[in-house]
Amino acid sequence: MNTRALPLYATIVIFLLAYAICWLQFPAILSTRVIANLLTDNAYLGIVAVGMTLVILSGGIDLSVGSVIAFSGVFIAVLLRDSSLHPLVVFAMLLALTTAFGAAMGFLIHRLAMPAFIVTLAGMFLARGAAYMLSIDSVPITHPFYDMIQNAYWLMPGKGRLRLIGVLMLLIVLAGMIIAHKTRFGASVYALGGGEATARLMGVRQGRTTILVYAFSGCMAGLSGIVFSIYTGSGYSLATVGTELTAIAAVVIGGTLLTGGAGYMFGTLIGVLTMGLIQTYIVFDGTLSSWWTKIVIGVLLLVFILLQKGLLKLSQSRLAGGVS
Amino acid sequence: MLLSIRSLTKTFPGTLALDGVDFDLAAGEVHALLGENGAGKSTLIKCLTGAYHRDGGTVALDGAQIAPRSTVEAQELGIGTVYQEVNLLPNLTVAQNLMFGREPRRFGLIDTRAMRAEAREMLRQYGLELDVDRDLGNYSVAIQQIIAIARAVALSGKVLILDEPTASLDAREVEMVFDVVRGLRERGLGIVFVSHFLDQVFELTDRVTVLRNGRKIVTERTADLDRMGLIEHMLGRALENEVEQQSAEGADTTHPDLLHFNGVGRRGVIEPFDLTIGQGEVVGLAGLLGSGRTESAELMFGIRPAQTGSIRDDKGPLDLKNPRAAIAAGFGFAPEDRKTDGIVADLSIRENIVLGLQARRGWARPIPRAEQNRLAEDYIKRLDIRTSGREKPVGDLSGGNQQKVVLARWLAMNPRFLILDEPTRGIDVGAHAEILRLIHDLTDAGMSVLVISSEIEELVAASDRVIVLRDRRHVAELSGSRVVPDTIMRAIAGGGAKGGEAA
Amino acid sequence: MLLKRIAPQLIALAALILLVTLVYPDFLDISFRDGRLVGPVIDVLKRGAPVALLAVGMTLVIATRGIDLSVGTVMAICGAVAAWAIASGWGLAPALLLALAAGAAAGLWNGLLVAVVGIQPFVATLILMTMGRGIAQLITEGRILTFNHPGFAFFGSGTVLGLPVPAWLWLLTGVGVALLMRRSALGMLIEATGINRRASALAGVNATVLLIAVYMASGLCAALAGIVVTADIRGADANNAGLWLELDAILAVVIGGNSLLGGRFSILAALLGALIIQTIDTGILLAGFPSEYNLVIKAALVLVILVLQSPRIAAEWRIWRESQRASREALAERSRT
Amino acid sequence: EGETVGFAQIGSESGWRAAETTLTKQQAEERGIDLRFSDAQQKQENQIAAIRSFIAQGVDAILLAPVVATGWDSVLEEAQEAEIPVVLLDRQVDSSDELYLTAVGSNLVHEGEVAGEWLVNAVGDEECRIVELQGTTGSTPAIDRKTGFENAIEGHDNMEIVRSQTGDFTRAQGKEVMESFLQAENGGKDICALYAHNDDMAVGAIQAIKEAGLAPGEDILVVSIDAVPDIFKAMADGEANATVELTPNMAGPAFDVLEAYWADGTAPEKFIQTESRLFTQDDDPTGEYEARKGLGY
């Protein structure tokens, strides 16, 4: 058995455990409504976390995604308002733009040997600033196409609505899994995360891989922006402040190492659902004041990470004991 | 000529690493590249494979000029390389490491099953049967080294470059690697072989090129050279009594007991063992790779706390719960993996040498700068560390010189008990002899030393007593007249058990 | 030696000041009024205090290959603690001590999570970043906790020898810590731990204690910054004090040429980085552009500074210049023959 | 009667909002309503998720203080399908008014107008150079309060906004930005009035004015919005001139409406506007301060 998958198993076990505990307290949490909501409400987060996972696997970080999502929403809304383009055309333009933006950051990171943290931090300021410059108002999107997508859902038994964007998120996670684990590009990403100098000597095209990784993350952020604009039916330059940190937390809870080179795409999905579960639990509870909400979220984060660490240690020592 | 290099030049800030070097490699030959630590061997290789940018000179492969800008290009040209420090990725599986960049694909996606099978096949040639789905980091340096070789061999269509491939291998594995190399020579590949083991050079290679201070000294057929002549080319001087045989006087002197390890062990790491170290004594640990030598040392230095047993000196029991406790008890430990456990790459030579001393004094009492400089200069001279100055970052030194800096750190602390895990790995003949002499000087002054080495000759030369390990267990103890290569070898293989247990 | 290390930052600052002076010509005017110096430059020194103080601690944390995302919220906690203590009549010295103790405790928490439990710094401090503002609000109950205590307010808007007290605070803290690091062996030990923790621990460096100490230092710096901003507005604003300042602090450290990968550090350069950021902020305010442009201008300026400072650009520039000279010489040679 | 109401609050970014939360909880307790509270930390996505969770729990009504005007259609439709009435608090949405029961709030543009009109009357015909401290760039109150104020001073050529920057609704930023205004406007001598989008920024700016050696309230007129306790203290000291009240008690009217609706399905008006009352130094600031300081501001 391979020890590298242990964090993933730990994550899954903890998630199921947590869900069971929530269910004991609030049986409604197991309704299809809540499960479908979990997918719909976290669709944008899941998609952006897929991009973030790849970036983190490569040993980098992308702080710009939250701003890029906001920018995407404003971009779409303004373009649909001021022009007669079809949304699909606008989507294509947007994805091209955010992908190029990500690639540009990747280029700077590689070419100037600057830390990703800083380059993407500047990118974060830049994207939000660009959103402000497009429009500081929140802009509603009214387009028949949007109505159609928003109303595309499968009514599950129990009145849960499995929406298109939730399904899209699952598909993206699947695509992410294939890219990360089944392609040479994915292997290069892991290699880069394992050690730059070594990866170079092994024949990783560092520049190309770095640029592609950030381009991918930019593309995912753009896609997430599209999903977010469908979710809220508008574009708003102040939206998704701090989403990058939520996404990073989800990736880490999913068992991916922030230092790069180790982790699983599927874990990220679990991480995202875990974050969603924490939110749902707090809303169901409904008695926490604003400040206790923050404290409890922090404590739960810590508990998840500690549990994961503990479970990992336990199983590793078990494994070592078994061998001897 | 398969590969011809003309007036290759490379400078680093403050160092002229290569100075107009010419080098020719014919198809179907094994060509040794030799020289002292810091002579420029690794630099030459890295310039050749595009890992470094060369400043001047030309390289031609099959008569065509080449200038690979990255290692990928070199690989595509058919040049496979094992770099000096194991350069594989510990976070990928063995199979991924072996097949990286050439993964078999189906429908555009990596075919994991085929990859696994192929990787297993590759390793089988080297007599290695292991789980190729486990992360490489789970395996010892030696196994990683073989995997790196297997990978490079598979990549080399025309040229194979091996930079100290055998530094951490034992005799059995070395022979296996040599068989593979000979096979490749038959097939017409050109092979560059870097090593500090002259025996291996004479055994394997057809021609020899010697570098000194970045300049080419000579290229000759190996058969036309003798050992002394080769050493003279490398050092630029003759070496007085190269490998001292066991100092005869030392054999009978008795050593008052200094340390007792009683039943020290840890589950899943090493079986409980007893060991007594005498004052001024050199104890050697012998065994195959993975036999538990490093683990024994780690327990003795508190890196992994022992679960059973007790440790005491003449004053009473010692609690070695972590390395700092061990250091406080007067222990020292020069680790085997200098890159991850030894050097602090971005700090200067001076800082690396005083680091241990400073840590022991505490942060509030800094060692005066003049004292630091004196210490650094002293050890640079004594260990012959090749550098442009004491303020050079250790990471920029050649591999062997890095090893010397780690040694200097511990010598500067003047411990009463020093553990040396593979102290001479990657160190050139001159320095090798120097370090053996140093060990004798130290023990004469009363220090006790535990040496771990895969080179039996070295163990014999250095030790008063040799402990043999097998399968994570101390199986034999040889002393006095039985400290000879033959007996040790037999004890390691298991045949000598009857003789060993009695000791 | 020292000058050479901070030269890029000095040049960047000078260029920036020149730029700001172009859009706001009176930028360098300093006058002496009512026993204190006034002028935009003095404002920069004063307003830069929180980021500069944070940068001091952050430099140390980053030198150990860590990062401290919690400093912004720690500022809020410490400000709230200080304001609470003052408002409930504890007196100045106990209130300040209590705030500093809160900062040290926050640092201890981070340090334990990082060094003992072994959680990655980014995540460990992200936890406190999430929780901390809640803790601060718990103390203030979501209000702006105001107080009226001239002695405490002095730390925000007082003047000593013509200079604002916050400016003195960061200057003294910065120089003090820098001296402590270089006059004792701490600097080297921290660098060693940051570059190779395992090797340092094997060499006998007490890496665990060192890491905890470094996070506590960062917490203390954050406490000082929290005191400054609380004293400045005479009230603890748990919701907004230090919001996103951790990013500015990290930016300052990096503009100061310190590597996020740990190792060699310079506190003085990080302080210059903080000044650069504050000069940008103040410049934007003085220039009077619409607020929508603030972020874009800041991002662009930061990027330009980072690009110009990038070691790789410097190296390539040198190579390019040399090749230019070589080809010029070659040309001259040819024309001669 | 034990009805359950979910309250999707924006966050706790200011004292005013904390007071709104406190008052809502108080009101619910007085009426025996079981209040489920959710703090969205300034994020619309959290609010939408919270509303969906409320629906899944089957609450009897939902109070929503929307973080932004747009993007509520589909979640409001879901609530409607589940037959859960939604009441909007203090901010509006741009969805069709079929989708919610009613909205309780003030008119943000009107607030700006009240502030502007006061200033127009206060300066008369004199030349007046105004500096403006905006709220968070892009937020609805910042945009509307700016618009309202500009409407009010339009046509008065003696009045001009010379500098306008965001102070993020916070005291610290208010002070810092005011310092730069003072710096840029001849040490503040060229400024006749300050208009701040909320009281917190005004309080910060007042300190900056004092530290620059000028007298706020006299040398520079100060008008702002919200009517939080601290601005009354400043008014009592003569350092602020006027504020426009935005009452944090939005829940009271909301619960009144809901109780009527639960009782017999009475459909209320679609917008219940709270009063935007102007307070000046003549309105017993000390008394107002005492009345408000316990409300959780």
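Residue numbering begins at 1 within each chain, and the chains themselves are lettered A, B, C and D in the order written.
Operating definition for what follows: contacts are C-beta pairs under 8 Å (C-beta built on N, C-alpha and C of every residue); 3 or more make two chains touch, one makes a residue touch a chain.
Values in this document were obtained by computation on a predicted structure and should not be read as measured data.
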| item | value |
| --- | --- |
| Required steps from subunit A to subunit D (each step between touching chains, minimum) | 1 |
| Computed distance of Cα centres, subunit C from subunit B, in Å | 43 |
| Intercentroid distance (Cα basis), subunit D paired with subunit B, Å | 71 |
| Whole-Å separation of chain centres (CA-atom averages), subunit C against subunit D | 34 |
| Shared-contact residues (touching 2 or more other chains) in subunit A | 132, 136, 290-291, 293-294 |
| Set of subunit C residues in contact with two or more other chains | 137, 142, 292, 294 |
| Shared-contact residues (touching 2 or more other chains) in subunit D | 12, 18, 21, 137 |
| Every chain pair meeting the contact rule | A-B, A-C, A-D, B-C, C-D |
| In the complex, subunit A residues that touch subunit C | 108, 111-115, 117-119, 121-123, 125-126, 128-130, 132-133, 136, 245, 248-249, 252, 257-259, 290-295, 297-299, 301-302, 305-306, 309 |
| Residues on subunit C engaged by subunit A in the complex (per definition of touch) | 67, 113, 117-120, 122-123, 126-138, 142, 247, 250-251, 254, 259-261, 292-300, 302-303, 306-307, 310-313 |
| Subunit A residues within the subunit D interface of the complex | 26, 28, 31, 33-34, 37, 40-41, 44, 132, 136-141, 150-151, 161, 228, 231-242, 276, 279-280, 282-284, 286-291, 293-294 |
| Parts of subunit B lying in touch with subunit C, wherever the complex brings them together | 303, 322-324, 327, 333, 335, 340-347, 351, 355-356, 358-367, 409 |
| Contacting residues of subunit D [partner subunit C, same complex] | 12-15, 17-18, 21, 134, 137, 163-166, 168-173, 175-177, 179-180, 183-184, 187, 200, 203-204, 207, 211-213, 230, 296-297 |
